[in-house]
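These notes open a run of structures that come right after.
You will see two complexes here that share subunit A, one where it goes with subunit B and one where it goes with subunit C.
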Partner chain A sequence: MIVGAIAMNTFREAVRDKILYVLLAFGVLMILVSRAIGWVSYGGSEKIMTDVGLTAIWIFSGMVSIFIGTGLIYKEIDKRTIYTILAKPAQRWQFLAGKYLGLLITTLVNLVFLSTAFLLYLWICGAPVTIALLQALFLTFIEMMVVTAIAIFFSSASTPILSAIFTTIIFFTGQMTKWVVELGASVKQTAPWVEKILYACYLFLPNLHNFNIRQQAVLATQENVMIASSEMFNCVMYGLAYTMAVLLAAHLIFRRRNF
Partner chain B sequence: MQGITDPTTLEFLERQQRADFWNNAAQWGYTAWYIGFAFAVLLLLLYVIIPSESYDEVLRPRGFLGRFSRFRASIMHFGAVLLLVLCAITQQTQVDQTRGFAADQDKRYEAEIKKLTATGNREAAMKAQYMYLPNGNSLLYISLGNPSIAADYMWLTSQQYVVNSQRRGQKFEMLLRFYNTVMELDPHWTEAAINGGKVLSALEPNRYAVEKFYSGAIFDNPGNIDLPYEAGRLFVVPPLNLELRKEYAKHATDWFSLVIDLLNKRPQSKERDSRIKGVRDLIGRMAVETDAYGLAAELLWDDMHDQNVSKALRQMYARDWLNARSLLIASALQKRVDEYRASHFFAPLHLGSIIQSLKSEKNLFLDFDHETPKDAFGFAIKYDPRTGKVASHGVQAKLAIQAAAIVNSIIATTYMQYNSGAPPKDLVELQQFVDKFFSIQGNEPTSAITNAIGMELNVIVSPFGTPWKYNATTGKVETPPECNPKTLFRNADLLVPDN
Partner chain C sequence: MVYHPGLFARRKTAVHDLTLDVPQGAIYGFLGHNGAGKTSTIKILVGLQFATAGQAWIMNSDVRESQTRRNLGFMPENPYFYEYLTAEETLDFFGRLSGMDRPARRKRTDELLAQFSLESARKVPMRDFSKGMRQRLGLAQAIIHKPPLVILDEPMSGLDPLGRHDVRNIILSLRDAGQTVFFSSHILSDVEEICDRVCVLNQGHKVAEGPISSLLTGKVLEVKLSASGIPVAGLPEAAKLAIRAWHDGVQYHVLVDSEEKASQVKAQLEAAGGTLRAMQPHRESLEEYFVRVTQNNAATGPDALHGAGDGFLARPKAEGQS
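Up next, the complex of A and B:
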């Protein structure tokens, strides 16, 4: 009940933020422009359109999560509005969970809006709209779940600018974790301890690349097949586990924090 | 070019007017710049001389300039901004002078590459072009693990490269690398592989390099039918070098056979069967080139009797079958003659004993009933005991039709054009012209020409081995009566009658 109330208020607060609309406008613009990029190509225009659309949705959803999420808790502390909430019978974990869910709803609404525009545009342009695309969009949402949790984690411990920088770095490195292992393998002979450190980094960092099935989705669209549900299930479970872990870590910091 | 230099032309006047306009603009630009500079200096000077307060300590006005003290800060800001803008303009002009306008930079880059290419330093020219071509791995990092979008970028860049290279009149050395990078990033983007292969096949003279590109894509997409089909089609067009014809046909047949295998694994459907039919037809035609006359005849026989295809097409198959079967007969006989010669050290005087030995073989396409064998066209097989060469007269006649058409076309469209509309007086004169004309760079003979009259471009001797009968009045070589298609293919009409 308390969590729900905080979540709804967070959502209302987020939709009043102008940056959300700016990002949405750019996202839609990029989806529309994808058609023009396809035009100049000799063949493969539908594939290019789908690629650009999916990537636009991913990048703009990530930006919404980072730019709105990183300021959420800090703003409450800075404006002292957190006292009015915590003075009521609300636990700190409920506040944190409410903030997270509110931001997640915002991200979901943003994702649904962009996805609807994208799929509608594909349909209007005569490009195939398949289940595989929906699967890719669903995993993008799970990825945003993790990114939002990381944004909340940093927001509960640091200033918005630092939080945005840290979350962006993790968002980017999370896409490239598999190369961290490859990098370790290349120095295995000369510095075996570096390899171990890099492998630990690989395990510790969120492997956001897991949620990137955009290439497979485009291929599956061409061949009109679905992506295996077992693969999807593993990714979703990984996302849920990592989100819970990050939120718990955020709570660990937030519960001891003095305002 | 004449229009640009000739002062009486409209083009020259237009160019002159444009040049005058820009000269005037440049003059005005300099004047404006100096006026602006003077104004900025004046403003800064005013800032120095205008007192900061209008009144002194005892509230006495500080003269005329004192009235403007409240504008002092604004004057300074305006003057400083103006000065900085003028500085920026000066710097930009300097940059433009050294680098040229942004639009000219690409042209300069092209000119630089052209210059490098002209020096013959191929490696330096390639290096200059490669400089802006990232490899697949780096694109993967830059795109944050989104290889699909990186492949799209590479694909679009490759098209830009083709257009630019075409404009520069250069070759397309890097094109293969572009496409390989696209496939490295998105190995299952078969549409790009097919389209890339088509572009390559048109621009890259080395068929085997293009085939290698297709092979890579086929390895990554083993179930795809279009890729081996396109790889086979690479070799359907006959090469300029006729020595490679057999090899080309072999490559084409191998790829098409793979297509048939893949199609056979698919569930039966009308579309599948029709596609198998089309590919089998191609194999049938290619098999003749690879000396697999038996296979060609077998496939064409089936096609000829397929009631699902139109009669016109079946008649075409029948004509091809006559050719394949005649070649099969001639080659079987030739093989025996060669064996005979190897054991007896001379060729047989006639084909009687050879025909007897072939009769004992149960070969569907070699069921001779006569002592003097005939080819499928109905002509007696030609045999020369002095050379031991066996030939089908029908096949020679078929070749003669093509060769005569080519020779006549050379006379009408090329020779007469260079000889004020007059035909050559004899074929020796034509031969001299042909040798000279096709040796000029840019006039290389097409594959249709080399296929018909051979690599040596012989316009004197016909495929029958005898000189052409040439009519100097009409400027045409004449073929014997059996080269009339109606006569030559009469057996095809019997196999697939008109009604």
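Up next, the complex of A and C:
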């Protein structure tokens, strides 16, 4: 009940914040101009349209998670609204879980709204709407689950600006972790310690590229096939495990903090 | 409770070895100058800060347990709320956090909005609330679940006289309803007026505790006599006994430092043909007591305890910080 109350309040806060609507408007705009990009690009216009639409949804969902999530806990401390909440019979993990779930609901609503607009637009334009696209959108949500947890983690320990910088860096470097390993392998002979550091980074950073099946989904759409369910399952399990680990770390910081 | 101001700054003990005896159903004033440790103590009791050593209890329940907070309501100094919520939504939110079901929350919200004269602000977002309205809503959220103990940090801070009057009346009504009110304040005239018992904290140590009537000596410190029919030049013999004597053009006033001198001056005024209009003894106020006891303590160290007994509110064990 306490987690639900805090989650719904966090969602209400986001819904009453103008930044959400600005991001949504830009997301929809990006989806709408995807057809025009398709016309001026090399390759099939439907393929480009699908590709740009999926990427727009990914980018703007990430921005919602980062921009709203990174200030979430800090704002509560800075504005002292946390005083009256923690003085109620709420445990600190419930507060963190509530804030996380509230932001996740916001991200989900944002994603569902943009996805509906995207799929509707594809359908209106006569482009194929397939299960593979839904799978790509679903994994985008799982990715946002991880990014939201990271945003909450930094927000519970740092200022919004630093949190936004750190989360954005992880959001983008998380897409390139495969290259980190490859880079490490290439310097293994000359600088083995660099390879070790890079490998540690690979283990520590979230492998967000795991959730990026957008290219596969575009190709699968053209061939009208699905992404393998085992691959989907592994991604979901990885996302859940990483999210739990990050939230646990946030809790360990937050549980003994003095206000 | 040790406060860590920074990496290289010296650590400061905020509160040390504190036992408070708060009788059920009483209004308890928690006094101290800025930095005395009042807010640190309150924050430990409500779970916002952790003592570096020792433990604290409220009604035999460890304050670190979240269930302990079911028995208390808390309003911080200058309470802050979500600006986008209305008064009704704010109370509903805090009702949910307190574990109340929907019908109970609705009923209690209606009751509190009416009790705290916020009925007309039911649908008004918090950003449009005045300081006094925020303070009233802060009190309302603290008691939404009818806790037996209400802890208020500076509830009258920054309020105009009307706002202070409202908060005083609310505190008195809580006591009438059988709730215990524990509050910190700098406004000692209000504390003296409504508190049954007070504690004075100085540099993290308790320097006095007890019922106000037992702390204040009741001894007459000064007596002011006012008489008409006395020449503007005054009475030299009365002035010799006085701390101060002056004529305001209508009446002659004499301020003396004992009841014996007051009797002598009274006789002198009447002998000179004057008519005594007023004779006002001045006893030690809580403010004067507070200044005296904190200054004494600064000179002699933490002693002069009054009336300490078994604690209802906070009973530290071991090294005992609360």
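In this text, the second predicted complex is superposed on the first by the 256 of 259 C-alpha atoms of A that agree within 3 Å, B and C clash if a C-alpha of one lies under 4 Å from a C-alpha of the other, contacts with A are read in each partner's own complex, and residues count from 1 in each chain.
Operating definition for what follows: contacts are C-beta pairs under 8 Å (C-beta built on N, C-alpha and C of every residue); 3 or more make two chains touch, one makes a residue touch a chain.
What you see is a predicted model; the values in this text were computed from it and never measured.
When the two complexes are overlaid on subunit A, subunit B and subunit C sit side by side with no clash. Looking at the shared chain after the overlay, A:Val129 reaches neither subunit B nor subunit C.
Of the two partner chains placed by the overlay, neither subunit B nor subunit C lies in contact with A:Val28. In the superposition on chain A, A:Val52 makes contact with subunit B only, not with subunit C. Once the two complexes are overlaid on the shared chain, A:Ile77 sits clear of subunit B and of subunit C alike.
Looking at the shared chain after the overlay, A:Ile37 reaches subunit B, while subunit C stays out of its contact range. Judged by the touch definition given at the top, the superposed model places A:Met1 against subunit C, while subunit B stays out of reach.
Contacts of A:Lys88 after superposition: subunit C is touched, whereas subunit B is not reached. Contacts of A:Ile165 after superposition: neither subunit B nor subunit C is touched. Minimum C-alpha separation, subunit B to subunit C, in the superposed model: 35 Å. Common to the subunit B and subunit C interfaces on subunit A is no residue.
Interface of subunit A with subunit B (complex): residues 37, 40-44, 47-48, 51-52, 55, 172, 175-176, 178-179, 209, 212, 214-215, 218-219, 222. Subunit C makes touch with subunit A in their complex at residues 43, 46-50, 66-67, 69-70, 72, 74-76, 78-82, 84-85, 89, 93-94, 96-99, 138, 141. Residue ranges of subunit B in contact with subunit A, taken from their complex: 141, 144-149, 152, 155-156, 159, 186, 188-192, 194-195, 199. On subunit A, the positions that touch subunit C within their shared complex are 1-2, 4-6, 9, 12-13, 16, 79-81, 83-91, 256, 258-259.
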